[in-house]
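Residue numbering begins at 1 within each chain, and the chains themselves are lettered A, B, C and D in the order written.
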Amino acid sequence: MNVIKSLTQNKVAMVGFSILFIFVVIALIGPYLYDGSPWRMVQRPFLPPFQNSNYLLGTDTLGRDVLAGLIYGARISLLVGFVSTIIALLIGIPLGAYAGYYGGWVDEVLMRFTEIFQTVPSFALAVVLVAIFEPSVYSITGAIAIVSWPPVARLVRGEFLSLRSQEYVLAAKLNGQTNRNIILREILPNSLSPIIVLASLMVASAILLESSLSFLGLGDPAIMSWGYMIGAAKTVIRQAWWLSFIPGVAIAITVLSLNLLGEGLNEALNPKLSGNREN
Amino acid sequence: MKPLLKVENLSIRLPAGGDREFAIRNVNYDLMPGEILCVVGESGSGKSMTANAIMGLLPKVITVDKGAVIFDGYDLASLEEHRARTLRGNRISMIFQEPMTALNPLMRVEDQIAEVFLVHTKMTRKQRHDRTLALLEDVGLPDPHKMLRAYPHQLSGGQRQRVMIAMALALEPSILIADEPTTALDVTTQAQILKLIKELQRKHNTAVMFITHDFGVVAEIADRVAVMEKGEMVELGNRDAVLNNPQHDYTKKLIAAVPPLVSPKREIKPLQVPPILSVENLCKTYRTGGSWLSKARIVKAADDVSFELHRGETLGLVGESGSGKSTVSRCVVRLLNSDSGKIRLSGSEIQSLGTKELAPFRKRIQMVFQDPYASLNPRKTIGQIIADGPIAQGMPRKDAFAKAAELLALVELPIAAIDRYPHEFSGGQRQRVGIARALAHDPEVLVADEAISALDVSVQAQILDLIETLKKRLNLAVLFVVHDLRVAAQVCDRVIVMQKGKIVEMGDTRQVFESPAHDYTKSLIASIPGANWRSDTTAVTASGVQEGAA
Amino acid sequence: QPQNGGTINVVVQPEPPSLMIGMYSNGTTQQVGGNIFEGLMRYDKKLVPHPLLATSWENSEDGKTWTFHLKEGVVWHDGQPFTSADVVFSIDVLLRETNARLRTSLAFVDSITAPDDFTVVFKLNQPFGPFIRLFEVGTTPMLPKHIYEGTDFKMNPANHHPIGTGPFVFKEWQKGSFIHLAKNENYHVKGLPHIEELYWHVIPDAASRSVAFETGKIDVLPGGSVENFDVPRLSELDNACVTTDGWEFFSPHAWLWLNNQEGPTADKRFRQAVMYAMDREFAKSVLWNDYGKIAKGPVGSKTTFFDDTLPEYEYNPKKAKALLKEMGYDGTPVRLMAMPYGETWQRWTEVVKQNLEEVGIKTKLVATDVAGWNQKISDRDYDISFTYLYQYGDPALGVSRTYLSSNMAKGSPWNNAEGYVNKQVDQWLNEAAVVFPDSKRAELYSKAQHQLVEDVPVAWLMELEFPTIYNCKVQNLVDSAIGINDAFGTAWIKQ
Amino acid sequence: MSIQTLLYIAGRLVKGGVVLLVIAIFNFFLIRMAPGDPAQVLAGEAGATDEIFLQQLREQFGLDQPLYYQLWIYVSNLMQFDMGITYRQQMPVFDLIMERMPATLLLTGAAFLLSLVLGILAGVVAAAKHRQWLDSVITVAALIFYATPLFWLAMMAALFFSVYLDWLPSFGMQTVGENFTGWQKVKDIGLHLILPAATLGLFFTAVYARMTRTSMIETSRLDFVKTAKAKGMKPSRVTTHHILRNALLPVVTLAGLQAGQLIGGAVLTETVFAWPGIGRLMFEALFQRDYNLLLGVFFISSAMVVLFNLVTDVIYCIVDPRIELSK
């Protein structure tokens, strides 16, 4: 289709996509190719990178393989990023859709509800949620989802608000379509593009958020993640800067590629930005 | 006389992936001092591009390929930017189509106009102020002192266009380029603006290049006419010659598509009783912006509206923008809930039925929408769009798609269209799909709200023909909402004239047009541009003109 | 030849809740408050008491009456004289109400009286061996009666502006930034203190604390205030001095709590297997940079009652596996709860997890914060967890509490939180606290230690040492058994 | 200001107050779901305690009352603008927060201004040089800052500027013990401010730069820009007088939203740089289960958000005459 074509022509977006694709592949199959737990203490601690060909990226404070950590960490960072975004979408889209479609008091109630979540400083709320429900992948993913859905709801509401008076929606009403059908089949597909763009950026910020939580000591202790690696390495940053540097770069690259992809999607899906045409 | 401006062999290349290779190609014409040259042609024919080239305002990606635009000894097409800048707004100025968006929303009117003096002259602040005030008076704006302080959003469309004109004429330029300056305005406003431009043009002996697609406007103001088609200038001549004796086929086709301002004689059929649709004392009031702190804006969009509609008849609903035409038509099809009044569809009251009870009536009254782009869901195939209605009413999928295929044939679209998406069709074709969708329910009443306003004249004519044919064939009752009185005169059996939510006049079309009773109707008819042109010829239909496949 | 003058900048981590040492016994309250307040005695690094507010003391023949003679001419920071009334009030009224640790010991005290302004007499109901170890400033600080008597102690405004007799007076506390103390010009020990100003800085991030020391903004990093990983690097800096002294009184002892009541850990063989599975040498060298010592049993090796004939649990995964097989461990996962007190503990948890998994014990890490950890430990809602506890110079004060079955009630993380019950051990420990003289006590403690090592109620890990890192210009920094807690009264700066 | 505007602002404040109250109640229950209580934390740090001591503490804090009663007390106190006493420091929550507030406001304010000025500047330059190398450089730099974890950047910055170069102090808000006054004090605080404000600000600089750039490009395609050009104005004047003002509208909205969030969101920066602000106060209160303090910080920072949103709307209404303050 048009979008895919214009996306594939966008070099920057393709770079982002390729990097992301590689990371996803690593996350999916890496652990099978790379046997052994990332927690195993395999060498002397603080082995610098590129010194031992078996442990290419060196070892950490306890002599664990950094590369193994990176590979396993890709899995969790991406998982948390994607799952929390999906949850946020699952909360935000219906909420925004109902508010925008029905308007009136439904809108008022739902938007007040959203406003509450937007008023509480979101990073602080995430910290509190994770601390209260005790750090685990579930609580972290949940907390990230809870603080990131309001923008989705607002966006979807806005889209629905403007699309609901579009003539094709009116036509569907005249056809005697049910509201459910109109929401799901007429309006939603047409509001997807900004949602997709937002979602790609949300995955990026979810990954950042996860790492920030880990940095503050609120990561899941049982699971190797990039954020954990930085958090664990922060105390030894002076003697082994690479331990925080390497996963930091991994995060930055992932987030960057997601942003590039998101930007590409935005241009592809939103002709106002890319084209010079009036229509 | 020496021409003020000479356009010689001008060609402008479009970037790769554009509609065609050249936006305009080998265009030649002169502009004489003090004349009004009208440039006409359908959308995309390159009218704006010509104007932009003269102004030096072409988008960066678009380049002048060859040719020259000679003004005052300079070639505008190749002039350095800083030199061109001194001419722009000073010797040559321009007015744009959209008065709503052409002014900076964050700047007061005074500042926007005074900016011209600031850039090109050394006037003091006081002088600028005085000149601006004088200009506003010149263009006939009421209460100019207040206007100075106003922001664009506080003005009506016509007022904004006057501000634009004031701005353009501030330094008494030799050339004024007007790119469809009245298209977005109501007829009465349009008439005033046209009059104003003409007056000012006479007063200052300005040469005007007036871009329009409305032949009525051409007839009203042009000295000479240039016709453009797909980037080429196909005809150039005196107004009367071009209008009454067109040479080029394209010009002929265009002119033929313009409905004459004469209602054809119709056999006045006795109206069937009872009417299929009757509306009694319909009222609808909008309240916006109100909260417990601020006063709401209250608009009576439909105020005690009553009329009847019969099978086989086309009832026109005319009136200026905001008069309540759409409101009435939406209430009738129950897209809007009316505040009070009765709506009867073949005797049954439908104004207060709930979603469930309404379902059986839905299919009996259908609507064709204005915007052929916005009225089709871009994510659905044409087949789905047409079949959705019957499916929602309980028809099996297969049958519904079979029906969709039939309907496509009925509206003269290829059967292959069924699997394609809306964006693959032209505006006219889309409007056909919209009609097919409405007909999928076998309705008895068809409401068409400005169903042709967004289309080019030639395409308009085709759609009008189609509706007329279908009406006869299916014995439909059509409520036809339109603001173009020429169109109304052509297609309607009876017309209703609305003003500020009220019906001010209702009657047989011919009678209303020939001897309007209400003052408002009179002023409407008087405002129709080029009223004298083709007021006596009979209707020429443009049937047989096929649209190119998309 | 100590020199007078100068300012010392110290890190305080975490920021104390209060400096009122009589109501809060938090580590950092003691660190700062110990320079404002004083106890009756100071203890040297061998835990021998030295006079401070008390000039001399004697014990009766039967060991049940202690008489203290106080120093004359001591004044509170507000100028009021310090007398025996303050001592009686502090111990009998205020501390008895607010200090849980002292309250347990005061159960042995029948009465406290002040025959004159500078004499205090304690009458005990039976001889109590550790009595003479009770008088350092953290356990029994002297508090001003004239300010606290008859008030709601916790709400007394003086808590925000503490008044003691110590070498430094309180100046200012900018919450979240620093605490400022200044020299007490009227200090009762002539010529002391040498230092003019004392700043305690709140720097919440461990790495920033290191940087602060490196850049010379901080002169003293008290033990435990930087991560262990940083210790070798910091101690190698020019001008950096390190000492492990000053923890003799506390001798922190680290172990794994093992739930003796439920789950696989209720089985003695499982607990022994845990002991064998632990690679404690690795932890010591990698996590603690070889500071500290592998713990043999419940009693610290620096304490008088330590028995060095105890059998040793060496690192032996095979034995661990055999024991697990013998008991028929079915692979039920055990919950391993990290201790939320910094990176080292986090890492240690990971090492222990790895150790346990290597012998086939399935572990599930549980994360929690300080409050959650306290609650879970005190509710015995865990299988294995960490802790380290102070020994307070005598097993009766710091060791027995962990193993006495009478001390098993849920609700506190500092008692017998593992749920260990052995009547025999109970009897030995209880008796050892009150028999006279010390040789008898040693015998009883020895028996108890052997039985405990056999039963493994908890898995002892290490006797910890927290090195204090300081700028070498600071002289005579640590000269008592409580180290930094009362260090600055005698320290000085070499200009 | 007209009566209407004042009424509107009053109305907004009332509505905001309701939202804040709901938030307070929500947070009240949320925090109670955390395991443990403040007594246990205090006892935990003390290293030894018994049940009596815990009970004493709970009584002192009022935690032995039924939960609904505690809520009632809390809310009714809150309505009188009393946020209670901190368990740990035993001082009024409000006083403690206000003690920390200047630090936070200084840090976030500096970061905010920095990011706004720098971001808009960069965005305008990038838009002006659309599709030229400078645009690419700015865009890429913005993207990188946008994608880099803030705390990581902060750590690296502290490492580089304080340790290796020794140019700037790496922690705290002022050189304690120097008792600077006047200019010296300003300079001292300024030096301490540079690193944290810069790291906190960089992310937002990136955000504003990207947004300004997009908005500038979009706005420059609007009709009125063409009108302005047709007047024969210099491109620079078109940019400053016509495009920029319009393009900044969305930036203003975003900035307003973020200004509010910044207050509560500086936890990371404050932690790395030991900045004595309320972000850290919140973090500590959380782990110390200092319910009143935590609720207080949340309340104040949410109130800031409400306030900033209102201020943004007022500003927006001043810069955009089309918007009327109503509804």
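Everything that follows uses one rule, which is that a contact is a pair of C-beta atoms (placed from the backbone, for glycine too) under 8 Å apart; a residue touches a chain by one contact, two chains touch by 3 or more.
Bear in mind that the values here come from a model prediction, so they are computed numbers and not experimental data.
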item	value
Winner on C-beta contact pairs when A-C is weighed against A-D	A-D
Averaged-CA centre spacing for the pair subunit B and subunit A, given as whole angstrom	46
For subunit A paired with subunit D, centre-to-centre distance based on mean C-alpha positions, whole Å	23
Whole-Å gap separating subunit C and subunit D, where each centre is the average of the chain's CA atoms	40
Residue list for subunit B, restricted to those that touch at least two other chains	none
Two or more partner chains touched - positions in subunit D	34-35, 155, 159, 163, 271, 287
Set of subunit C residues in contact with two or more other chains	207, 340, 368-369, 372
Every chain pair meeting the contact rule	A-B, A-C, A-D, B-D, C-D
Residue ranges of subunit C touching subunit D (in the complex, touch as defined)	7, 9, 14-15, 17-18, 24-27, 97-98, 100-101, 103-104, 154-155, 159-160, 174-178, 180, 197, 199, 201-205, 207-208, 211-212, 214-215, 217, 340, 368-376, 378, 389-390, 401, 409, 411-415
Complex contacts: residues of subunit D adjacent to subunit A	19-20, 22-23, 26-27, 30-31, 33-35, 143-144, 146-152, 155-156, 159, 163, 214, 217-218, 221, 260-261, 263-265, 267-268, 271, 279, 282-283, 286-287, 294, 297-298, 301-302, 305-306
Subunit A contact footprint on subunit B (complex, rising order)	15, 59, 61, 333, 335, 358-359, 362-363, 366-367, 369-371, 373-379, 385, 388-389, 392-393, 434, 437, 441
Residues of subunit D touching subunit B in the complex	4, 7-8, 11, 222-224, 226-234, 237, 241-242, 245-246, 319-322, 324, 326-327
Subunit C residues within the subunit A interface of the complex	206-207, 210, 227, 229-230, 233, 282, 286-287, 338, 340, 343, 346-347, 349-351, 353-354, 364-369, 372
